[in-house]
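After the structure tokens below, expect a handful of questions from me.
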Amino acid sequence: MHTLKLLSSFFKVNVQMSLAYRADTIVNILLNLMWLGWELLSLNIIFSNTSTLGGWGFGELIALLGVFRLVNTIMMAIIWPNTEKFNQSIRDGSMDYTILQPVNSMFLVTFSRITVWRIWDLILAITLMVVGINMSGDTTTALHILTFMLLATTGTIVIYSLWIVLIALTFWFTKFDNNVTILHALLDSGRYPATVYPVWLRIIVTFIVPIAVATTIPLQALRGELNSGQVLGFFLVGVVSFLLATRVWKAGLKRYSGASS
Amino acid sequence: MTPTIIVEKLSKTYQVPEREGGFGAAVRSFFKRKYKDVKAVQEVNFSIAQGEVVGFLGPNGAGKTTTLKMLSGLLHPTGGKASVLGFTPWELKPEYLRAMTLVMGQRNRLSWDIPAADSFLLNQAIYRIPDDQYKQTYKELDELLELEPLMKKPVRNLSLGERMKCEIAAGLLHRPRVLFLDEPTIGLDITGQVRIREFLREYNKRTGATILLTSHYMADVTALCERIIIIHQGQLKYDGGITDLSHKIAPFKLIGVMLTDADSHDLSKYGTQVRNEEDADKKYIQVKAGDVTRITSQLLADLPVHDITITDPPIEDVIEQAFNQ
Amino acid sequence: MYLIIKRLWQVNWAEQWQYRANLLMYLLYWLVSPIIYLAVWTSIANAKGSVNGYTANDFITYYLVLLICDQVTSNIVIHIFGYKIQDGSLSGELIKPIHPVLTSVLINNIAFKVLTILGFIPVWIVLFFLFRPDFSHVALSGILLSIPAMILGFLVSYLLSAAITALAFWTTRVYSIHEFYFALILLFSGQFVPLPLMPKLVQDIAQYLPFQLFIYYPIQLILGKLSSAQIVQGYVSGLVWLGVAVLLFNWIWRNGVKRYSAVGA
């Protein structure tokens, strides 16, 4: 309950911040629409030359684009600004204040910044998913949609956990300023089904920087390609990676309070 | 009554990687690092009662900030014990964090992009301050610091002094019972320093909060603290009343003389020559308190003295001497 | 002049060398999209035999060469120079007796480029063995012809970006403008897919824009896919665009500096 209240406080503060930069918000939304246009055009170009990509149809790629944009929104609205603030706080020492606040520091570090206008992006992403699922005309059952939602959440948690680990590394390597670049750079791979990638790339985006876990795999669940064992497996991976990330974060904090001066 | 802050044999040793110059050394250190122990704080003991305002002094690198960080819970000590309000600080219990505050003059807690008012409301949520208590506290802080005109502007548009007022207020919204202040007046001009000082005195009087502060400005310390603790190279050097310090550590007086032909006379045989920036016309020597009469008459007899003054050495110098002992 | 360039080189090389760790990250950004497009199009070509006459090997060679051309012709002016206008630190550069954009920023950019190309060679070799392209139809003459073309492409791209960055004299939203410009490059340069696979309309417009000089034209030169008439046409359009870019940059720069000193930022 208190967590929700805190989140709403963060949100209010961030609304204030974005109101201070109103015109930028409008420009950002326009640019965002431009990129959406580009994404649709590029899919159109691909599908004017073929009817399936990696076995998936146009509608499914639209739905995938929706999932990708969901992950991208989380990246741009939460991961990116909070990482920037976190790196800054390590550099200028204001991390000390964060630690001394009577709230879970991992929560504080990861949710205190929210790029508010990206809510619009979220709506767009969900629209794309709904439209894409409808277009694909698959025999989508309610169960498939449920497992899709479950695995999309799981995938998001996996990426969140990886992010925690990456920024926690800064406690050991203070100069590790590029901590989320690897995540950000590989994010684009989530636009297309991982099945089209060569094996080595598929291994990278599934196991090392698991973008595909949040994009391709939930879509596979939607298509009914996963059996219940696999669904359960991925779900467990999500839980375990979150627990691991919490551990790494705590160890990082300990390191920080042991070594800083 | 048990003291609010108890520190027993508190120690902190850092391991600092030793690195030599050169490429070969860099490669070697990649595989096997050599570490050097730096003893930042060594077996420090003191205790502070509720409501006391204590100045915590020492030259740069003496271990002041390290000690404050251990007492606020940011650092784990490598040895010894500390208890603040009955808590062990570095366990970082939420109840403890809600009962104390750490304000560092060189670090910002407020967001630059938004008005302080919004950051204050965020702190209210983080510290779970009930609405009526928040309003009451804010009213009191506003009375003392005249915050209201500053609240609506983005923090980046405030002057340094205004920002510091907001920073301190932000750190006090949850009515902490213990305040750790690390250089709260650093970088401020004289009037700014005086404002903060007066505020702290008044705050202490009203709330009975315990305050431990470090400052480079001795005026902060002399105005606020009856008691000071001095550490140097990690070790406790002095703990006691500020007025006793000069008697104990530096039973000296300063004799200032104005001479006709100042440069041709050597005063070093009468006592240690010291510089005094504020009064460059005179030459100053420092002598033991007991020798003042004898040396004064000698000076008057030997030299063409225009004017002569006898004063206590400034507290800064006394403390400096304490450091150097 | 030679001495100035030499000293500038020393300073900027040292500066870029400081940031060599960031370089790896930059390489990663620059690598990901082309590899993804490569994977997408080869998978389609493999499934259908060919796409509009392009076989899987055509796509592989196209994108592997694209990595080189993109590396050589792209620039980072906006990053070196954009914030200098906005935070006012440009004033210090303006009073120096050399043109900031055409000397120090340019040399800084080139130092960055040399360093990235050094880092990029092993990466490219790894990619070569991962994708095993068949480069047998590539001739030395094509490679030689592509070098001045890429330099031309770099100069045009550099000056256009510098012109856009100089808009920062008027607006704080120069990064947004640059993002829009970046989208234009993506659309018209052949970065996403060889231009002939783009919609007819895009291809037609691309003929009248400089962007294919950055990517598509040098790639086709290296792959030996152009007739001599097309080669000449490409070079001529490159020189024309260089002239346009010089004039455009000069005009924006001069007015911008005038405005900057008038406002006294």
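Note that the chains are named A, B and C in the order they appear, and that numbering of residues resets to 1 at the start of each chain.
By our rule, contacts are C-beta pairs under 8 Å (C-beta built on N, C-alpha and C of every residue); 3 or more make two chains touch, one makes a residue touch a chain.
On a predicted model such as this, the values are computed, not experimentally measured, just so you know.
Taking the mean of each chain's C-alpha atoms, the chain closest to the overall C-alpha centroid is A. When every chain is reduced to the mean of its CA atoms, the largest separation from chain B belongs to C. If you average the CA atoms of chain A and of chain C, the two centres end up 30 Å from each other. Centres computed as Cα averages put chain A at a distance of 45 Å from chain B. Centre-to-centre separation between chain B and chain C, using Cα means, comes to 55 Å.
By the touch rule above, chain B contacts chain A in their complex via residues 14, 40, 65-66, 69, 72-76, 90, 92, 94-95, 97-98, 102, 104, 106-109, 111, 113-115, 118-119, 121-122, 124-128, 154.
Interface of chain C with chain A (complex): residues 21-22, 25, 28-29, 31-33, 35-36, 39-40, 43-44, 47-48, 51-52, 130-131, 173, 176, 179-180, 183, 186-187, 192-193, 197-199.
Taken in their complex, chain A has these residues touching chain B: 2, 5-6, 9-10, 12-13, 16-17, 20, 92-94, 96-97, 99-103, 108, 254, 257-261. Put simply, chain A touches chain C in their complex at residues 23-24, 27-28, 31, 34-35, 38, 41-42, 45-46, 48-50, 52-54, 175, 178, 181-182, 185-186, 188-189, 191-192, 196-198, 200-201.
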